[in-house]
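There are two complexes below, and they share chain A, which is joined by chain B in the first and by chain C in the second.
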Partner chain A sequence: MSDRTENLVLVLPGLLLLALAFLVPIGQMLVLSVEGENGFTLAHFSRFLTDSYYLGVLWRTIRLSIVITAICAAIGFPFAYIMAHVGPRIRLWLVLLVILPLMTSVVVRTFGWMVLLGRSGLVPDILRDLGLAGRNFSLMHTEAAIVIGMVQVLLPFMTLSILGILTRLDPRLEEAARTMGCSFLKTIRTVVLPLALPGIVAGSLLVFTLSASSFVTPNLLGGSRIQMLATSIYRQVTQTLDWPFAAAQATILFVGVLLILIPYARLTGARNG
Partner chain B sequence: MKLLATLTASLTATAACALVSTTVLAAETITINSFGGAYETAHRKCVIDPFEKETGASVQIVTAYSADAFAQLRAQKDAPQFDVIHFSGGQEIVGAKEGLLSPLDPAKVPNLADLYDFAKKNVAEGEGPAYSIAAIGLLYNSEKAPKAPTSWKDLMDEAYADHIVLTDISNGYGMLGFLMLNQAEGGSLEDIEPGLEAVKTLLGRGAVVVSTSPEIQQEFAQNDAWIAAYASDYAYTLEKAGLPAKFVQGEEGTPASFITANLVAGRPNQDLAMKFIDMTISKEAEACFANELRYSPTNSKVELSDEVAANMVYGEDAVKGLIRFDPQVIEANRSDWVDQWNRAIAR
Partner chain C sequence: MVRAIPRWLKISAVGFVILTGILLLAPLIVVVGVSLSQSQFIAFPPAGLSLRWYREVLSSDAYLSSAWISLQVAVLVTLSASLIGAMAAIGIHRRKLPGSGFLSIFFLSPLVLPTIIYAIGMLMVWSALVGPVSVLTLWIGHTVITLPYVVRTTLAVLSESDPFLEEAAQTMGANRVQRLLLVVLPQCLPGLAAGAFFAFNISFDEAVLSLFLRRPGLTTLPVQIYGQLEFSPDPSVAAVSTIMIGLTVCLIFVIDRILGLQRFSST
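And then the complex of A and B:
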């Protein structure tokens, strides 16, 4: 066998799986989304794009995903920086700590948040005792609850992406910057941050796409009153049984994520080779 | 060469064996949906275990609420995976119309004869018989609520302030409770605007919207809920969990949810599935459901103890007196209503 056929054979199972589990369903979804009673129609898309309610759902999905990504980056970068600078033993513990949330089922973890954030939960209770919130204050079924729940789940993706880059960074670069008179913060800003950018970008891409398409956490923590795109699609499929419209929404989510990802990846790819 | 021959022979034999055993297995397994939690436990005890014992067949349970189960049934149109499917939200009407369900053969389901007429009205068209009925009324916290509710209009009483739990209309019980509130507020099946207005008022006061039964329990247990429109069986579930929950029927009337067992079309072992449905509507199974979960039976032969009968709607006349909002109208309007509801409750 030549190298080329060997490569082909090796990649074949992966390709087949991708085709069966990804391309076929996506294709079906695309077909369904333009299917009307009399053949081809774009009515489902125009219904979505002309209705302020659905546009609001779309905007909330994008807005919350951006907020979640920003918070993950703001927490993840310093965390990864510390992890990269401590000894291997402590680093192992920190890695464990950050991936711990991934080791429990998403449903169980979310139910934990429901207990903590509910009206008689720990968090609102403390805020009430401190006089910071009113009698009926509850964090459940708010956008804040979704952000809190999602940041916890997605933080490992951001932290580990950045950590991968930071551990490969030559420590002498930082030392050189400090010798040349840079303050700590300036070193971070002019040396570490630009070099860590590919990691931050990769992490942001992961976090953004995962949060834009996540379903369980927004559904449970946001409740029925705060819809995100994935929950709205689920409702169309199971409640109103309007599958073409659900497919159109799924396509919009899919295309929207692609549209954001491609220029983003290009831009940062060009800068970092 | 000889080795190869032996190998081929044994391989063929194994393959044949496997083939035989899978066909036998397929004939003796039926797949159903159940609603999870306490319901599934009771379902097992009342129908599934006795069925497995009597027929030697095994039952595979998929946990799915009516709407989810119906979505699956529709998706599997060309290769259905369920044998018997249970609905509580009137989905059998659409399912029968779309040819997803098969009519029962009365000869193979002898217990049909004992059911009240209204419970088996459209069996010939493919709609499965109702084996349990859940009555929708007002659930309240008997210790904390400032007063016991007596009518649906009481939901609007400001005394309950923000301790009201509303149920999303994606939930079958939630839909019926909403329609009843709508009716009490002057609306009808043609006009749900008064109901939506009432809901908006309640949300403005701080009411909570939930979409599943366990969430109602959570609201009562942990979040200081006082009142909710929900089913009598769930009041009993809360009571068993040690919560001071009571159920009352609103004086304007009590809507009912029919829980039906339906035969899925296009499956190979319909006889076994019909046997399962027959056992589901037997007087033993229905009495068991009533004892375990306080569902009203539809089999005229069921006799209940006074204690059980006390916290449910029981007897042909009482059950017949329940309001059944026309499921066909509900089905026809469902997507519009859900859409309007979603907009009304959206923040």
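And then the complex of A and C:
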């Protein structure tokens, strides 16, 4: 047996599994999306793209994902910067702070937000006490609830992607800028931020795709009236049982995700390779 | 002269970290709080302290049977993903196959493809070609989505290992199987173990694939919780959720022991 055969034998089970149980299902979904009663059809796509309701769902998905991504970047960058600059003991605690929510089931975390944002929840209570909201105010089933919940779910991804780049920066660059008379904030703006940009962009692309395709949190916090693309897919599959239409929507999501993942792969690939 | 970082900035940095910490931990703390409530309504802060909802959970058939399904699936997935993933990582690491760069991207691809897209495809294929979904469907589906984690952690450890050890073993007369089991496998063990725990955690917590691939009698624990949340949540949901959080804490502790959490800041 040659080395090559041995390696092939090692890789083969994984290749077979991914080919049969990963590529085939995705292919099947793509095929179903263009399948009509008399063969090939684009009817499911034209139905989606001409119905103002579904265009609204698509637009909400894009809009909320942009808002969520922007908030995650705005919190994630300073947080990752602080993580990269504190001592090892505090850093371990901060890593734990990021990992614990990341590894907890999304269902559990969303439940926490349902309690916090509901009518008798802590957040509306505080807003009422501050006189910012009326008596029956509830944040549940609003776009704001989706944004709050999703930011908490996706912030760890953003933080870890930026942290990965920040820990690899040469600390002497910052020191040099400071000894040359740069103020702290100017150093951040002119040295750290440009160098961390690939991490911020990669994290943003990742967070955007995850929020555009996530479904548990929007479904539970947004309710049935505020639909996003993924919740709409789930509804077609489980309630109206219109699988070809669901497949068409999933295909639209798939194409969108691919368009975003190509620059993402470039960015992270350049970093690792 | 270097100007010091302004005092107000340091203070606001501390405040910022605390607020972000609250944002990240708030839902978990609330869930734990609600689970200890005495009242039958979901409220935070909880009204009174009791463990009655934990007793409720432990005597509920619905929760216990779904926990049993989740546990079965998670254990099976851990075994299959570790075995297949470790083999693939070793094969990719040696870089002797044509297109090994493509291979590693291919093996990591389930990581970036949204689970909902995979879930809907899996549901369609399975019902078209095989029939009703079963534990086997969940086993295969979860293995696919956890495989990249095992491959990645194992590759990370292998890339730091000494490439000459295997050569040395070869010159000393070890055959292929001996080299693989006695030299390479021990080298990738920390990464493999961490990947295995990730696989267990992800499979046990996974909700999207399990929601699409459910039928009566085949609900995993997260799906059971999801169903309760959609219809009639009471504090017993919080008790189950708290148990799941506790399990996650244990797994993180184990992963930290094996691999070190510091690694997360450099991957």
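Keep in mind that, in the parts below, the second predicted complex is superposed on the first by the 241 of 273 C-alpha atoms of A that agree within 3 Å, B and C clash if a C-alpha of one lies under 4 Å from a C-alpha of the other, contacts with A are read in each partner's own complex, and residues count from 1 in each chain.
By definition in this document, a residue touches a chain if its C-beta (ideal position, glycine included) is under 8 Å from a C-beta of that chain, and two chains touch if they have at least 3 such contacts.
All figures in this text were calculated on a predicted structure; none of them were measured in a lab.
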item: When chain B and chain C are modelled together on chain A, clash or fit; value: clash
item: Chain B versus chain C as contact partner of A:V115, first or second or both or neither; value: both
item: Touched partner set for A:T179, first chain B, second chain C, both or neither; value: second
item: Chain B versus chain C as contact partner of A:R235, first or second or both or neither; value: first
item: First (chain B), second (chain C), both or neither touched by A:N38; value: neither
item: Touching partner for A:T50 - first (chain B), second (chain C), both, neither; value: neither
item: Chain touching more of chain A, residue-wise (chain B, chain C); value: C
item: Touched partner set for A:R225, first chain B, second chain C, both or neither; value: first
item: Partner chain(s) touched by A:S138 [first = chain B, second = chain C, both, neither]; value: first
item: Those residues of chain A which chain B touches in one complex and chain C touches in the other; value: 114-115, 120-121, 237
item: Residue ranges of chain A in contact with chain B within the complex; value: 53, 56, 114-115, 118-121, 136, 138, 141, 223-227, 235, 237-242
item: Chain C contact footprint on chain A (complex, rising order); value: 1, 3-4, 6-11, 13-15, 17-18, 21-22, 24-29, 32, 75, 78-79, 82-84, 88, 91-92, 94-101, 103-116, 120-122, 151-152, 155-156, 160, 163-164, 167-168, 178-179, 181, 183-185, 206, 209-210, 212-216, 220, 230, 233-234, 237, 243, 246-247, 250, 253-254, 257, 261, 264-265
item: In the complex, chain C residues that touch chain A; value: 2-3, 5-6, 9, 13, 16-17, 20-21, 23-31, 34, 42-44, 83-85, 87-88, 90-92, 94, 96-97, 103, 105-107, 109-110, 112-118, 120-125, 128, 140-141, 143-144, 147, 151, 176, 201, 204-208, 211-212, 222, 225-226, 229-230, 233, 237-238, 241, 244-245, 248-249, 251-252, 261-262, 264-267
item: Chain A-facing residues of chain B, complex; value: 67-68, 70-71, 74, 162, 168, 170, 203, 206, 208-211, 218, 222-224, 334-335, 338-339, 342-343, 345-347
